Amino acid sequence: QPAAPPGGAPALDKVAFGTNWVAQAEHGGFYQALADGTYRRYGLDVTIMPGGPQANNRILLPVGKLDFYMSANTLQAFDAVEQNVPTVVVAAMFQKDPQVLIAHPGAGIERFADLKRLNLFVSKEGMASYFQWLKAEYGFSDAQVKPYTSNAQPFLADKRSAMQGYVTSEPFAIEKQSRIRPLVFLLADQGFSSYSTLIETRRDLVENKPGLVQRFVDASIIGWYTYLYGDPSAGNALIKRQNPEMSDELLAYALERMKTAGIVDSGDALAMGIGAMTDARMTAFFASMVKAGVVKPTVDFRRSYTLQFVNKRVGIDLRPKN
Amino acid sequence: MSSPAVVALRAVTKAFPNGTRALDGLDLTVRRGEFLSLLGPSGCGKSTALRLIAGLSRPSGGAVVWGDGAPKAAPARGDLGVVFQEPTLMPWASVAANVRLPLQLTRRADVAEPRVRAALARVGLDGFAEAYPRELSGGMKMRVAIARALVTDPALLLMDEPFAALDEITRFRLDNALLGLWQELGKTVVFVTHSVFEAVYLSTRIVVMTPRPGRVAADIAIDAPFPRSETFRTSAEFAALCRTVGGALADAMGETFA
Amino acid sequence: MSSPAVVALRAVTKAFPNGTRALDGLDLTVRRGEFLSLLGPSGCGKSTALRLIAGLSRPSGGAVVWGDGAPKAAPARGDLGVVFQEPTLMPWASVAANVRLPLQLTRRADVAEPRVRAALARVGLDGFAEAYPRELSGGMKMRVAIARALVTDPALLLMDEPFAALDEITRFRLDNALLGLWQELGKTVVFVTHSVFEAVYLSTRIVVMTPRPGRVAADIAIDAPFPRSETFRTSAEFAALCRTVGGALADAMGETFA
Amino acid sequence: MPPVGAPAEADEARPWRARLVRFGLPLLALALGCVAWELVVWVYAVPAYQLPSPLAVATTLVEDRALLFGSLLVTLETTAYGFALAVLGGAGLAILFSQSRLLETMLYPYAVILQVTPVVAVAPLLLIWLPQPVAVLACAWIVAFFPMLANTTLGLHSVDHNLSDLFALYGASRLQRLVRLQLPAALPMMLAGARIAGGLSLVGAVVAEIAAGSAGAGSGLAYRIAESSYRLNVPRMFAALILLSVAGMAVFGLLSLASWLILRRWHESALSRGP
Amino acid sequence: MPPVGAPAEADEARPWRARLVRFGLPLLALALGCVAWELVVWVYAVPAYQLPSPLAVATTLVEDRALLFGSLLVTLETTAYGFALAVLGGAGLAILFSQSRLLETMLYPYAVILQVTPVVAVAPLLLIWLPQPVAVLACAWIVAFFPMLANTTLGLHSVDHNLSDLFALYGASRLQRLVRLQLPAALPMMLAGARIAGGLSLVGAVVAEIAAGSAGAGSGLAYRIAESSYRLNVPRMFAALILLSVAGMAVFGLLSLASWLILRRWHESALSRGP
């Protein structure tokens, strides 16, 4: 047990952790670990720097302004290799990418492939990632895409459209504001095999301070277990303090959806613990991205991640046994 | 005194917001066909009076009455020509375009070209039609302004020291040209000048004003017959009139300086 | 002719980019202590000559030579006062601030207040120190410009029709005030005017220029003794001189109009 | 009776009624706009998530006042600093350029580059090199400085050439010429530039917050807008937008008033108008 | 020998050398900038993802030319339309306002609101109510129109009052006064406004693309920049940014040239300078 809390040792390592969006339940485990003192117990003094709609915190990781960064999907790790950016994925908190496509009920949409007939609101990031996969795998076309601006209004105004979203968030806002129960298609369930909410760090930290990295990964995993199965109120309180827009209702909804959709704790994580990654998944996802033309086949994707810090069943006993 | 009034200032007062009283109880009637010169110390309100007649400023007290007082008596646009004390040319337009302006504004652009040429020739600027104001000397700018005032052939001309910036020879020629126009075409002219000689040479009547606030100090009829020429200018009558007017001006100014 | 040259224009030519030749071979020497008047038709290059002397423009040909030609002979700043043909006041500054400007620019702001007051009093504008240029009449603006030129007490004064916009009484007073300054303080003055009378009354020498392109047409010494006064102005000698100068001007203009 | 349509005279005193109109009318116009908006929402039964009614927005404004006004203060602070930097920086650059044709020719292209560079693109780079609060200000500055630079440059070059000659005559130093001639002459245009920069500073503060801003407790209006929009809390988004608009109008109004106070004694644009 | 520092004379012909300097110097300055940049990257061994070297960027520019220049064209098209709309709309509004004090007082607040409203906030609303290409143009317009409005307004109100009197005297109609007096007098300020709007139109096109822009095949530079940034392809991001800068300088240069050609015969600002 490398990360046994050094009882009463006063010197904490200062660590900056950047997320890719404002504080929300999708970051719950991290806030939980910060709020309930898990990071502190692992000798870490963590600062969480939230991202935002136009902010790109990711570049701050390789230049040393951040020590860890929460990236949205596996694709970004391939890009880092391609661009010779010395970062590496050390854990994947979400086994399933929470990315969904949302459609209006009663618009004749029954199967996922029916979405091809609709206008699709897709963000720039989406265009650069999953949408290429949708084109290659399902035959979606650029012509149906309209810009998504982090806002559901254009979708609500157009019955013959679908929009992207997170399973944990947009369906709730739509239901609440428009009183329709939208159709929700989780891309992960359609074969999109990216991990999500990955922890990236710099290669030099992996090489020179593996203990620090391990402690951060382990404490984060414990944070996620606690957030999912324990009492999430400390994490939620911190989220609300950082983002006053957040309501208890939404936090509860998102947590519920993460559990029921198996976003965090499913698949390999069931046996190996939250954060699990496997070479097989990575290889399969890489192949699908090459096929979609998003990544060059020459990219040495194995350099994008390391299994050194995960698959150790850390905290797995925090999961209720039933 | 038999001809009808064109316009009358009745007990006109003009006070500016900063407190300056430029005019105080000015009574002045301009009669059809007369050549009326205003003479007075610097800052006494001559330009102010001209602006009031031109309708560019409203009196603070008293009234400006046109003709018999009927609304229609006010001159139609283009029937009034004004030469301001400053040339007031459009810097972005050529000399010809500046002179053409009144014709365009009164929608007589069709007859413009020959008229513009004639007006420029009259002030001796034939060769400068295409020049821009900044390429002209001070006197030339003023002559452009005069040409512009003449180009609509207005019945009433208000001229504020039009020839002050001109050499004597050019000035005499323009004096004569103006007199010719006035006589032939029966215009009415209100003329501000600082030259007693010029006033006497040109006018049928000279009004001398007091220092600020301006009022009428003397009203002197110049009865010498027209056409006037060098003969008149060198006559004893002319010299006597100049002395009278000069005396009236000196009296009006009294011991005050400005 | 015995006093040394202050500045000389030697065969000076000035052509503008639009092709106008304003001056062509102008030779003119200004001697210490003289009161030199330039007389000439409108547009003949008088203002251009003054700008060349003031160093505001460079000759296209010929040279402007100061004193004996040594570099130090050029006047120090503030030793040269200029009254432009237009008042050229700063619209954002009060009358007093406009007059104070040359003292500030030549770093003599410490002595400014009494000098500014004195200069304004000299031109009869005591009450208007706090007024803004737009609140002044045409003649008053020009007087502010004159006060500004006088305020540094310059050794050489260049004046471009300074009194053209003034009534005769004010003009005579300023004529006399200027003569007084010139005599008492031994200034050198180059004076542009259109008034033959004024030129004769004030000058020690009158240069009459030809129409554009300007050259010297006549160079007439006025030898009447100083101080001059009403007596001189009404003398037969004065009248004769005026006729001579007027004749020279008419000759210079020949049959051309402008 | 004037012979022609008498022009508005600068020398006529303005009655108090004119002032009432001057200040009352915009408010009336805004009120009318609100009424029209309320009607549209009613008549077409527009759902709140698409266009909330003014009443709903007003309610939100009152209910969320602590949150919203807190954010407003944060944004206004950035705006104030950004505006000050834009005015000083824009005018300062223009002055620098006016002193040396060489500098101007060499550096103006860089100013243009700064103007056309989208803030969202450079924000991450700025964050690399600068501490975050400085990066936010730099973003706000980039958005707002150029109008000040362009207008000041034009103003400094539009000096009356006779006055310019007068200054040359008295051997005015560069500093004297700048302070006593060029800057006063440029003032009307600089103030127009400042009026443009005022609004842009607000936009800049918002864009900077979005692109480089801190999330968390001290977040400004931009955050409120983006997050409310993302959460489909459209009434709150509108409430934030309205605060922003009111702030913008206040900034503009203050700058217009300042401009009028400074110019009223001599410049045509201020003489012919009221405060 | 002039007694004092002789001022630059407008009536002196400009030698060809001056022109060379005028056009060569900015290029030299930019070249120097590139050299300095290359040196910094070398000396400090800055990695490409932090700051790519100019050479790396140039290489990317050549390699990805098809992609990047295609995007440039898309953005330039939006810019051109946005600029045209901003100039026409800004000047048009200013003209409208100058014709009616009532309209001005009532509508100016709305113009200010438009200026300070962050495009990213209104884009979704515009996308609802307008077809997408129109929404993009509306966004670009919102970013760029205000400088034109503000400068034209000042220009229209800065008419010489003597000239204004002259027009009143001849009973000039509103249209005549506008066309023959106010617009020519306002021209220098309008052209300065257009120079500001030129750069802003480019920014506006980019912001509009980001906020409401087309994704998909025909994407502009904004999309390239955002995508490159997201994909950590920093050299390509810089290449796109440089295309944007060059486009901005070209727009600015063209507008400056146009301004000089229009004003050179009479306005101080153009007389005292070169093209």
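We call the chains A, B, C, D and E, going by the order they appear; numbering starts again at 1 in every chain.
As a convention for this text, a residue touches a chain if its C-beta (ideal position, glycine included) is under 8 Å from a C-beta of that chain, and two chains touch if they have at least 3 such contacts.
Here the structure is a predicted model, which means the values were calculated and not measured.
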>> Tell me the fewest steps from chain D to chain E, where a step is a jump to a chain it touches.
In response: 1
> Which chains, if any, touch chain A and chain D both?
Replying inline: E
> Steps needed, at minimum, to get from chain A to chain E via touching chains?
Replying inline: 1
> Among the chains in this structure, which pair is joined by the largest number of C-beta pairs in contact?
Replying inline: D-E
> Between chain B and chain D, what is the gap in Å from one C-alpha centre to the other?
Replying inline: 48
> Roughly how many whole angstrom separate the Cα centroids of chain A and chain B?
Replying inline: 86
> Out of chain D, which residues touch more than one other chain, so two or more?
Replying inline: 4, 6-7, 50, 120, 124-125, 128, 160, 165, 168-171, 207, 210, 226, 229, 267, 271
> Multi-chain contacts in chain B: which residues touch at least two other chains?
Replying inline: 16, 54-56, 77, 80, 86
> Do you know which chain A residues sit against two or more other chains?
Replying inline: 53-54, 56, 59, 63, 149, 151, 153, 157
> In the complex formed with chain E, which residues of chain D make contact?
Replying inline: 4-7, 10, 21-22, 25-26, 28-30, 33, 50-51, 102, 105-110, 112-113, 115-118, 120-122, 124-125, 128, 146-147, 150-151, 153-154, 157-161, 164-165, 168-171, 188-189, 192, 195-196, 199-200, 202-203, 206-207, 210, 222, 225-226, 229, 237, 241, 244-245, 247-249, 251-252, 267-269, 271-273
>> So in the complex, the part of chain B that touches chain E is made up of which residues?
In response: 51, 54-56, 77-78, 80, 82, 84, 86, 88, 90-93, 101-102, 104-106, 132-134, 152
>> Quick check: in the complex, which residue numbers of chain A touch chain D?
In response: 22-23, 49-57, 59-60, 63, 65, 149-153, 156-157, 173-174, 176-178, 241-245, 250
>> Taking the touch rule as given, give the residues of chain C at its contact with chain B in the complex, in rising order.
In response: 16, 18, 20, 39-43, 46-47, 85-86, 124-125, 131, 135-140, 143, 160-161, 164-171, 173, 194-196, 246, 249-250, 253, 257-258
>> Touching residues of chain D toward chain A in the complex: what are they?
In response: 47-50, 67, 120, 123-125, 127-128, 207, 210-217, 223-224, 226-234, 236
